[in-house]
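Chain IDs A, B, C and D follow the sequence of writing; residue 1 opens each chain.
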């Protein structure tokens, strides 16, 4: 990803240094209680070891800031570029993604030393370098925030594969009294020619640009996220067994993987339990459903007589709302039920939880906005080369840092992916 | 697919009968010279045996017309619904797609008897049935035209896997004197709010509806298709070896399959040969490139400093042009070089070969138009359930029947597919 | 395989010509009713199309006799060596085994013309060539007999995959009145130093030589083959679900393939049906069990408190018996129940059906006899290079030509193979 | 494996306690320098994490001694039986072998606490239990010695997959001055009826029994192991590229895995380097070749005009020799060159290094000795169920504890396995 040209190249260095410190220390607080064992293992190709995330985010600053800007900078270790490059072909060869769990060395301790080394040199660099590409530093901070979320989703997947099903953290993911979720209503939006994409002012990734016009047909959006209770109805109505509800590729995935419920759900006699970052507990009907693939989201929507929102629709609805919600800072690490008073549904005139809780699958394939140009060089590989076979998700989750999000933010995953905190908001044509 | 509600339900029955006869006999002429051996084999999961196509198209009429409309109709064979259902889950179980080549029985002769049986009953039905769902008959005819093209692409793939590389047909695919293709120029189109999709009047598939507004940004389109000569330059410039030119999934496909040139190309000392439906002959630089995946089309476009067109752009440019070009009726079965006089490129004010020759990959993911509704029941599975992970192609090819095409027609394949007559037209932002 | 040096190099040419004619015409009679469709398809990598067998056996004579011995012999077609070589690396490249079903050309008719061409030249050659390597002609005849059996097993597998489950031949595989199989008894053999292997006199494959001494411990052998009725007891006792009965690799195969019964068995309500070369009919308890893997044979033996015989034990027991039994010449194409009078089991002093009915899995890995030397050149690849990971089977089946068998004959397949007519005879330590 | 009935059930308890302490502490010394990261990761399905070995060997004593013999014994952790069972189906479900690397918890520290807990209870048990099944304790000690060797081979494989190629231990694997290996000569053995298998007196696994007669044909055995220098000649003679040298399954493995040299060899310009437990160093021609599959051993032997020994031949030759050689106790952790004076080859009348250095592949498939009976219950799964598809290796390696070996010892691996310290000794028919 190329940092927006509209980024604060001239922002105050002190502010930049503070942002850097904030992001880096947040990452380390997240991992503070993790053992070397947990930080080393990799549970599937799509997920990475925590240790790798810790090193890769440092490698990013080392490669794109220190090596690029600091005269005579010597990399901390000559092989780390090979070990901790994620996918930047322009930077050179790298460890196969599926083999990151074999990186028993460097140890966690050595990786933490690497982080300290990079931090020290980055502090000097931010303070003193002439010139300093502040946009790349800012990009590196947002990059690290993405990895903070991935650390949580990847470690959740890893721990779930351990028969002991250990908790990541005892607190959080608290089960609330069994509230009933409010009835969802649909909120209407008129048709019109809108501008979407990053409007300038603050950081954005290159895939949010350029801002451009798009004609949006009249639509309506559900006032809240789809709930576990609704998915339980879908299951009870044999939703996972009826091919007519599914996209063809989705039905193939159901058959191949034997899906019968969202990821992390497990039957326990009559009830469903779910693995959370605080361990196993009962599925709570009022909570938003989480850890579903695009295929499941799409099939559920079809069953419900609705569809998933287009990304432009979502953005039009979201951009007037404050970026407010259940983010990683709440410490919940789990989506929360909508507990608004439900007596008068008609009083609800804005969709709830557009930000936070769960990423919302859209029916829009991830593509280039008209006029999109990736940055030259290796940073141009950040976003553009993934613009095929993936679907856009919007709004952030309970594992996203609040400062990382905005209405124009485009997340994207393959439609079969389930290990992110991904959920469902329904939409309909008007 | 649901036939358009705007279809000619009330058209004259004689006309419908003639259309039916025309389509059915065209299919049989196409296969007239094929041996039982060729008609039985299946070269890959995505392709089907000719015998299967011959039977499946008949099954379509039997299932959706005869069984639905003719009181007391007895299917020709009780198991054929199982054998020749393609993907209609609502109709019931079916033979796994990858095992169609194991259907040694019914024999080709029995399948032809099945066709005759269905034809006789269809003739009676079209003449006499009260009521007759003429829209479904028309749909069946267009369905069979799609399979005519697939018969050619599937049998081409099959024959290419035989070390003898036998011709499908001796005539056609003639090599022309080595014309140089005219220099391509780019033709500009202004931005604007356009309507795309089927405008009514004549048949269309459900995925072309509803007609709807879309804002199209200013763009330009190449005056002709990309040529073999240009791909040879791409190859010479190491295009297949430079990851920075490729989408990430595309680069994975290059590595996994060892792609080094379009499908059916084979090196012969210094030159490149290609397998055609008339056998192996030299690659002709002036001809349009053919049998490339979306990934290759996209990488070539990036290398050329351009991009692939969006489907709305393509439709806006194509809809004023006559549906004219090199279709299956020419008997060429191979794309033809653009031989317009090239002295004055500026005289060219419309793109050439928008219809016929090769399907043109767009950069648009195949999705539902705003307001799209699939038909109820099994016919609703025709198009809608494929709306994920596939890319739209436009314009038809040298293997398409002319009557099958129109400006709003949306074809779609997975981005790695290469065995269709698929090629490249470049576009650019203005 | 190298023909035994003890072979009849000097036998009368008329006799050799007669043997040749006999074998070649037997092959063609076997295939006389098969359609081009059936002869072309390949149902799995391990099996080959009938057309391929017909051509490959001719290629063997063309390559190892005509091209080697006839001055100026021109191969029938320059590409056939590539198409119809099975695995002789010394002869050159060949079509991948898994792609033999794509050889739609040459057609069946062309293959039969190839056979006629080879037959004519072979007749001349046998009559006139000086010198003539009669041992290789004889080897080619035995080679073709092996493929006669494979034609039956491969076409059985192919037809079984067709949902129509068509018969290969209406006659044969007759269901007998439901006789009860006689109680099996165990026949004892004293320990001793024995010679096993080919003793000279008549043809043998190289893997049966040299004859050599082996110490055989006292053992006993079941008086008859294990029956379907006994396997039904094994199934009822949850034999396919109890890992303690299985070899570790066998249990993996059970899990991976979902085995619950022998190949070609299918449940039909309360009863079991089986696919035979005459179509589907009920499983007959008194018949020998057939189409089991080595793993199933071994697990069944363990369940029965016994084991499989060693190949030396089998040979010691078999060599005094006449080569008599239910072979392909009976036309049954299915194993037959042992119908000896059972009142006095003690009167039975020799094992029944040691030859014919089903190949008997031994617990001996296929290996080289002490002093074994493969022939030089391509024919040396016949047997020796398969001497790892395969298990020996003895005795021939209802699909073997009688003249092909003898007590020293060693057949071999991978332990998971089930599509041969393979069954079980129990043994025990004394 | 069932401990031999001839085992010292009545041996002195003090001796048993000492043996137990010796083995357990040897395991821990082996792992003393390994980080939690190294102890957690798993590099392939066939290898296990060190942590798993440490726990599994303790689980063995807990399950088969403490739970079986100590009234009221409470397992250390209720889930450990599930986590650390290797393949004893009779004990119940277990973690899939390929997922042992996901056992991030228990941590290494917790596993060491588990070991201490088991050790304490075992000490009490050995001292006080009435009755005590001393044979199972002894079996557990030998079982743990097997895992000591596996710890070394598995951690070697793991470290080799790390691009940093870190050493397991700095000392050991020293490169010696480039001695030339002595010319090998062949030592002859006359034919005869021999007894092989465990003769009683001391511990043996059940697969070494019963001792039984076997007729051994005259043979000769190479006076030393095959060397790296000889494999370099094999490579130079295109040994890895000539199918006629290979077993058919071996050639498939060469193609599939791209083998071009023994495991852990890597080209470096003109020379070959190899990864050892002390890091990367040059390949030394005089050293015994190591880390070859059975397929490579067999192909090399064929190329050399020889063959691999049968296991009975090996045992006949070895049983008069002292169990003396380069074992794990030497600290070399790498095979050593034979440095006997070579002037008078004829003076060498016994094969060198029959014990230690490298396991010697035989051409004998691993099977049951005549009269073999596995133990009843779960311990019966130790050896018997692996008696298919594996080849016997003899003699122990530089990673084996000396006390673990004897002439009748049978090791076994699949023929494609290369990560053990496996090498080659040639044999010939006389």
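Please note the rule applied: contacts are C-beta pairs under 8 Å (C-beta built on N, C-alpha and C of every residue); 3 or more make two chains touch, one makes a residue touch a chain.
The model shown is predicted, which means the values in this text are computed figures rather than measured ones.
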| item | value |
| --- | --- |
| Graph separation of subunit C and subunit D (steps between touching chains) | 1 |
| Chain labels contacting subunit A and also subunit B | none |
| From subunit C, the most remote chain by mean C-alpha position | A |
| Computed distance of Cα centres, subunit D from subunit A, in Å | 47 |
| Centroid spacing, where centroids are CA-atom means, of subunit A and subunit C in whole angstrom | 59 |
| Touching pairs - complete list by chain label | A-B, A-D, B-C, C-D |
| Subunit A to subunit B touching residues, read off their complex | 87, 89-90, 193, 212-215, 217, 243-244, 246-251, 294-295, 298, 307, 310, 363-365, 367-368, 370-371, 380-381, 385-389, 391, 415, 429 |
| Subunit C-facing residues of subunit B, complex | 35-41, 43, 51, 79, 82-83, 95, 99, 101-108, 158-159, 161-164, 166 |
